[in-house]
Every structure is written in structure tokens, then in C-alpha cells.
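Alright, structures below, take your time with them.
Presented sequentially are two complexes of chain A, the first with chain B as partner and the second with chain C.
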Partner chain A sequence: MKLAVLSCIHGNYEALNAVLSDIDHQNADKIYCLGDLVGYGPHPNAVVEMIRSLDIPTCQGCWDEDIVEGLNACECSYPSVLAEKRGRLAHEWTQQTIHPEVREYLAQLPLSLRHGDLCFVHGSPHSQHEYLLPNINAFVALERVLSTGANVLFCGHTHVPYIRQLESGQLQVRVYSPGQESARESAQESAKESSRTTKFDAPLKRIVNAGSVGEPRHGRPNATYVLYDTDTEQVTLREVEYDYHKTCADIVAKGLSPIFAWRLAHGLEFAERADDPTHVCER
Partner chain B sequence: MRSPLLTLVAGPPGIGKTTWIRQQIAAAGQPAGYLNLGAGAVPLDGTYLAAELPNLFLWEEADLLDWELDERSCPLFVELGFQIDPSTLSLPRVAACRRVAVLPPAATQTEWHDWAEEVVVGGMGVSLLAMVSSEAQVLDLWRSPLTGQVFDPASLDTVWFELTHGAYGKVLRAKGLFDVADGRAFYFNFVNAFVNATAAPTATSSPSPSLSSDLSATDLSAAPPTTDYTELDLPRWLEGRPTRLSGVEVLGIGLDQRAIAQTLKDCCLDDEAIAYYQQQLKASLG
Partner chain C sequence: MLWAILSGIEGNLSAYEAVLADLRRQRQPIEALYVLGDVIAPTPESIALVEWLRSPQHPNPQPQVCQGWWEEQLLCLHGLGRTPEPTELLERHGTSTAKALWESIPRSVVAWVRSLDFGFFELDCLLIHGSSVSVSEELTPDTPPVQMLDRLLRMDANSLFCGRSGLTFQYTLQEGGIVSTIATLDRPVERQTATVRPRQIIGVGNVGRIPGRATYTLYNPYSNIVEFKTVRYGAGRGFQPRST
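Moving on, here comes the complex of A and B:
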């Protein structure tokens, strides 16, 4: 079975149409979407309507949550004063633009989806706002996959596609009891601790990031998504050209900031990535 | 023979006039004066040089009206903005001064050659000179004082990237003095179409080969944008809004000055945030 996985459309209807057309040509059997249907882009309603009309299983993204729950549902989202101000503008515009039924649809989206040994999330299994970057600590990466019980974790949110193999290896987990710091310093206690160390082997796991359909951040304006063959386990990153000039013109015509259009045309995200992308949200 | 006390330095923008003057003063190791004619109300270069050179005295334009260099007994360097035609200057004792033009390596037969008695080869390529000289191009020169404003560093990085990569029009030259949240001040210096971004200006006695007519075909976008960032040797500002000069100057074509101003404003911290950062810094610095 051939699956198509797409993420981070951000109201970019032109890019979504181009990707859906490419998926057709690739003869995919089923499509999954990892969220962020709205935010920054000029056509949030049309994007949601398209996703709904095709009955595409979709996770809730961080922007989808923000639109439902209020701006900056995760207060660690913005890395700079400028990014926050721009985010607020985009948020206010989106709030005024989307239809009530679109908001209701975004509100009921699940945080994760499953298909056999595959798991689909927006950011990470812990939060829609957490970035699983390609160079994130191997232990953390493996923990995120293991927490889902799946073998392949599909995510988005970074807007830069990647595939990461977590090779079969041994993990050690030490559990410390609170209030025993001083005792830990002794050799005797260290010996006790080693007896509390749990060791286990993890089979091959993979994290696959689908990149972004509507707001690429890989230095080119092309949309990206992922194809996955469940029989061969082959992953293919697809990059699709589309008429980004039209989206840019629509951004300006709709009253969104022209800088969004400039950054889209250069393959730069509208708002920069979080200052500490490895943080774990504590909401 | 005693060297002239007054040196006039002219040339196109971004060629390295200020850099050459800094080198001269630093090499001499003696007190010197500096004035930038054409800097207007935002004398960025003078402020930058004063932070770099402890033996520098900044001059005001009004001082030139009744100057007596002998009384001050130190050399004076007067930098001429690219928009000033040096042949029209009517400075006192101008006939006795040293006239230096800082020009691109391949430049010849320019108005500066006719005026200067000494040519220094700057570090810039020919493109910017061509743009400045072209009558077909209308250049925008936008300046804004920023004294009292404190920037969020991540935001400043973003806006400077956007500015120098064409988000608000084609920028040929940009420089700025910025106070940032941790109390430090930085000098940003961007020149488009640099050939040797780090090459220091060098003196030459003979003109270089002629600027050819194919200058208009030079693609500015092919040259990598280059910004030098210098932390000024100034004490951290940790009490309220800074009163020292800061500001920005942008030279370009088709600049969206309103958008630049608004975006810079969006990068600044409010009083509450400034106070918070300063409190944290004072605690951490002891």
C-alpha cells in the first residue's frame, strides 16, 4: 500500500492542489495529513474544505490548536519579538477569516493517528509544538518513537523534511530516587544504582518528517511531502513546484503582511523556528 | 615638509573610506579629528570610529567655519558622503589640504580622479559604483535615528537578513548602530557587490584599468551579500534606555522605507522588557 503524508499547509491552496495532483500521479492509495492547515496563508477555509472533502485523516497542528484555544496556546512558540508580532497579525487575520464550521473541524482533530505500525503526529507525540529536529538527541528521538508503540513516526512542524533511522541498539535507563543525591556519591550507592539500571534493546525505528506543503523552509519555494510504501517500507521525499507567485499575490491582496509573501518566495518560514527547538512544552 | 593637517576623503558608498581613515589614525597613534560631511543627523561613522579609536575627536560641521587646525594641533580627516560633489566644496584653506579618493580597483576617469591628488584602491567591486553613477537609477537614501531603542537580538538578525536580501527593495549599502538587550552596542556594515569583502584599502599611484561600458550588465544579485558585525568597545548600558547615539542608514533602489521603519520598530523591546533584561544582567554580572 502506498501512503502519502503531508503537513503544514498553512492556508496555501495553490501548493495543496499541486501536491494533491502529484499524489494522484504517484498513485497513492491513501493520504494522511499532519496538521497546520491554517495560519499565515491566504486561503485557510479553502484548504480545510479540500481536506474535508477528500476525507483525509488529519492530526491537529499547533496553529490549528492556537486558532481554537487562543493565540500562543504554547507560550514558548515564538523565538523573537518580531516573530511574535507577526504571528499575532497572522493569528488575528485568520481568526477573522475562518468560518465557524472550520474552527469546529479544527477543534475536533485528533492529536495522533495510527495505521498499523505507523504513527502520525504534528510536532511530536508529546506536543504539537515540540520540534523533532533531525539532529535531536538520539535517546530523546527514540523515546518519542517508543512512546507511540509504533515503528515509524511521521511528523512535520519543522518545515524541513528528513528521514532518520534509529538503528537497533541498547538503551540504558537509570531511575534515581529523590533525596538520595548525597548517597549517590558513595561507591557503595553507585553499586546499588547499577542494580537499578534497566537495559533493553530497541528494534529499528524511524522518524520521517514530511516537511511543508504550504510554507517550505528548505531554501526553495517548492512544496514537499512524503510517500511511504508499507510493503517495501520505502520512504520517498517529494518536492513539487507550484505557482507560488499566485499565493504571494493572494497574501498581499488579502491584507496579510507582504513580508510573508517575500519569505514564501524564498523558501523561508514566515516565523522563525523556536529559539530552543528541543524544549518540551510544560502546559 | 610638514604633512597637511586636513585630509579630504571621497569616493562611492561602501568603498572603504571610513576603514581607510581608521587605518590612518590607528597607524599614526596620535590624536586626530574626524568629520563626516553628509552624515546629517545620524553620524554613524563618527560614532563608530570614536568607539574604536580612543584618541579621536569628533568635529561638527559648524566647526569648519572658523577652524584653526594649528591651534588644535592634530590632523583632521573629513569624509565626504558619496552624494557630495567634492569639486563644489568651498572649505577654508581647502587649497592646502590633501585630497584622497578611495575607488574600486578597476575604476578610472571618474569625477573623483579629476579631483583627487591621491587614489586609494578600496575593497569594493565595480557594480556599486556603476549603480551610483548611473543616471537611470534613482537611489533612495534613508536614515533614521534609533537612540533610546533597544533591540531584541533575534529580531534584529531577522530584519537585517530581510533588509540585506531584498525584502524591502534592493539595498546597496546599509549600516547601523544598534543597542541590544544585553546592554552591548553593535555596528552593522553591509555592502552589496563586494568583491573582496575583507580586503583593506591600499594606496596606489597609478590609475587602474578603465571602467568599461559593460558595467550595466553586472548582476548585483550574483555577489554574496556581506555584513560585518562589530561589537563596539563601550560599557554595557544597564540603566534604562540608552542615550548614546544609535541609528540606521540604508542606500538602495525602490526602498519601502515605511516597511523598514515599521519592522525595525517591531524589533524593539518595551520598557518592561528592558528593565527585566537589565535586572537579570546586573544580577549575573555581579
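Moving on, here comes the complex of A and C:
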């Protein structure tokens, strides 16, 4: 079975249409979406209506959550005061623009989806706001996959697509426990202390980041998504050209910050990178 | 010079007194006394204990206290926590315990609990009730190694001291490595090898939960030596608290 996985559409209807056409040409059997249907982009309602009309299983992204939960006041979500100010304005615009049924749809989206040994999330299994960047510590990456019980973890949120394979992982552990006793045992002789050394061998795991349909940040304005063949386990990163000029014009015409159009045209969140992008929101 | 690290006094003043007496008997002086949360429990005795901690009598050391699970639930109960409802408290202990906690701990103590740190980072050590993920997380000798390593890496600590499980244990990640390959649109495959340097997670025990028996931990940050202590107290058993 050939799966298409897409993420971070961000109200960019032009990009979504182009990606759906490409998926059609690639003969994918099923599509999964990793959330962030809205935010920054000019067509949030149209994007959600398209995803719903195609019955695409979708996770809730951080923007989807923020629209449901109210204003995103999480100071760790933005790398700078200026970026936060622009983000708040985009949030307010989206709040005012989306239809009530769109908000209801976003509210009921699950945080993760499963398909056999595949798991789909927006940011990480722990939080929609956590970035699994391609260069995070390999053991941290491994923990994220292991915590799902899956073999392949699909995520988005970073807007940069990548495939990371984790293999030959091992850890040697020594555990020393002095005699433990429960309240019931306290009148009896306590259990003897123990010390054991074990070796943990990590199984092969993969993280696949789908990039972003509507706001790519890999250095070019093209939309990105991934294909996964469940039989061969082959992953293909796809890059799709579309008329981003039209989306940029719509961003400006709708009264959204022109910098969203600028960075969309550059395919880069230039100058808006957080010092610690792995941070986890703890609201 | 030693650090004494305690957790889970749970309103048991007799147990805390017994531990303090044991600390006074140590050959090496105690440089710092850390209490990793769960000072209180849903009992009125918690108030006297909090007073002791806030105003220790000479020669007892001034403890550094951080929030534990009971403290977080108390704050949630008063609408001051990270979640609007004390969901975990209700799920684990029910409404009667929630009511007992509300009635046992006065507002003045709530204000003190709110002022407590979430944990301490001293030298290369993280001292916290649960883990770097959550005050509720129980790290035990059976926690998977990769999960343990992740909890250390989140704060880039070499040693993590925790008390949520109530157990005493020393979990040492001695060595390890992992190979990963990363492919992007512009770089076909990049191969990396990550290695692990020795790090450890210490379960510091529990002072007040089991009547007559308190466990805690001594740590020498200069030699990295960990020592687990068990104190028997009560009628006819080692340390005799003033009240008996």
C-alpha cells in the first residue's frame, strides 16, 4: 500500500491543490495529514473543507489546538517578541475568519493516528509543540519513536522534510537497589539488595518528517510531502511546484502580515529561528 | 562535604526528626539539605512539618524544598496549578482525599507551596520530585534505559535525583552508542554516531510513607559517591522522637 503523508498546510489552498494532484499522479492509496491546517495562510476554511471532503485522517496540529483553546499566549512558541506579535495577529485574523463548523472540526481531531506499525503525530508524541529537528540527539529521537510503540514515526511541525534512520543502538546499564520493603513487609526481614548489569539493544526505528505543504522552510518555495510504501518500507520525499505568487498576493490582500508572504516566497523562516527549537510547551 | 537528599515526608514530622537526628550523626558535615517534594499530605500534621521546614531550629540545616506531587495537586485544587482541575488527585484518590487535602492545608501554606521551586540544578545535578518531564512521572529501576537517558538529556544533567517512586536505587547508564542516518531533499544520506557518557539517575527514597522506617540519600558531589540510608524510629526502634 502506498501512503501519502502531508503536514502544515497553513491555509495555503493553492499548495494543497498542487500536492493533492501530485499524490493523484503518484497513485497513492491513502492520505494522512499531520495537522496545522490553519494559521498564517489566507484560506483556512477552504483547506479544512477540502481535507474533510476527502475524508483524510488528520492529527491536531499546534495551530489547530491554539485556535480551539484560544489565544496562543505561550511565550515559548515564538523565537522573538516580533515573531510573537505577528503570530498573535495571524491568530486573531484566523479566529475571526474561520467558520464555527471548522473550529468544531479542529477541536475533535486526535493527537495521534496509527496504521499498523506506523504512528502519525504533528510535533512529537509528547507535544504538538515539540520540534523533532533532524539533528536532535539520536537517543532522544529514539525515545520519541519507542514511546509510541511504532516502528516508524511520521511528524511535521519543523516545515523541513527529512528521513532519519536509527540503528545499532545500545546502552549498558547498571542498576543497584538496596533492600526494598513495603509497609506490610516492614515487620519481616527486608528484601536483599540487588545489583544487575544489563545491555539494551535498540531495534531499528525511523522518523519521517513530512515537511510542509503550505509554508515550506527548506530553502525553496515548493510544497513538500512524503510517500511511504508499506510493502517495501521505502520513503520518498516529494517537492511540488505551485503558484506561490497567488498565495502571497492573497496573504497581502487579506490583511495578513506581508512578512508571511515574503518568507513563503523564500521557503525559509529566515531570522525567526528559536535558540532552543526543541523546547516543549508546558501550558 | 555531603548533600542530604530527602523526598516524601508526607506530613510525618516524627520521620523527619529521625532523619535530622541521623544527619547530625554523620562524620562528614552536611553541606546542603534538599527536600524533593511531597512535604505535605492530606493530614493536619502537615502544618507543623511545614513550620519546621520554614523555621528550622539550630543546629538543623535550612532545607531547600521543591514542589512534589501533593504540592502540585494542592495548587490545582486552589486553581493555581498547571491544570485547571486536580484531575490526577481525583482519579487516584477520589473526592474524599481531595476534600481532606483542602481542609488540612490552610491558605498560608498554599502561598508557601506556590513559592517553591520546581526543582534544583546544582553543579551537574538535577534534583526534582518526578522527572524533567513531569512531577507525576515515576522513574524506577525498571524504567527503560532510553527513557532514563532522555530525562537526563532534557536538562543535560549528569545526575538526576528524584523521589516520586519512593524507592532507593542507583541507575547508571555506563556507556552506549547509536548510529543514525539522515536524508533530506538536498543531502541524500548523512551518517552520524552518537555516544553516551556515564550518567546516573538516583531514587532518593521516601521519608514519611512507611511508619517506623525512613529512607533517604547522601551524595558527595566531589567524589560522586551515593549512599542510601535507612532510619528506624518509633517506640523501641532506634531514634526516639520527642513526642514518644
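Here is the rule we use: the second predicted complex is superposed on the first by the 244 of 283 C-alpha atoms of A that agree within 3 Å, B and C clash if a C-alpha of one lies under 4 Å from a C-alpha of the other, contacts with A are read in each partner's own complex, and residues count from 1 in each chain.
The working rule: a contact is a pair of C-beta atoms (placed from the backbone, for glycine too) under 8 Å apart; a residue touches a chain by one contact, two chains touch by 3 or more.
Here the structure is a predicted model, which is why all the values come from computation and not from measurement.
> Check the residue A:Ala107 against both partner chains and state whether it touches chain B (first), chain C (second), both, or neither.
A:Ala107 sits against neither chain B nor chain C.
> Of the two partners chain B and chain C, indicate the one touching more residues belonging to chain A.
The partner that reaches more residues of chain A in the superposed model: C.
> Just to be sure I read the superposition right, which of the two partners does A:Ala249 touch: chain B = first, chain C = second, or both, or neither?
neither
> If we overlay the two complexes on their shared chain A, which of chain B and chain C does A:Tyr162 touch? Say first, second, both or neither.
It touches chain C, and chain B stays clear.
> According to the stated criteria, A:His218 is in contact with first (chain B), second (chain C), both, or neither; which is it?
After superposing on A, A:His218 lies in contact with chain C but is clear of chain B.
> After the superposition on A, what does A:Met1 contact: first (chain B), second (chain C), both or neither?
neither
> Between chain B (first) and chain C (second), which does A:Leu54 come into contact with in this model arrangement: first, second, both, or neither?
Touch status of A:Leu54: no partner.
> How about chain B: which of its residues touch chain A in the complex?
Listed in rising order, the residues of chain B that touch chain A are 152, 154-155, 157-159, 162, 165-167, 259, 263, 266-269, 273.
> Could you list, by residue number, the parts of chain A that touch chain B in their complex?
79-83, 85-86, 258-259, 262-263, 266, 272, 275
> Inside the complex, what are the residues of chain A that reach chain C?
126, 134-135, 137-143, 146-147, 160-178, 180-183, 186, 197, 200, 202, 211, 218-219, 224, 237, 239, 282-283
> Given the complex with chain A, which residues does chain C contribute to the contact?
Listed in rising order, the residues are 82, 133, 141, 144-150, 153-154, 167-186, 192, 194, 196, 209-213, 228, 230.
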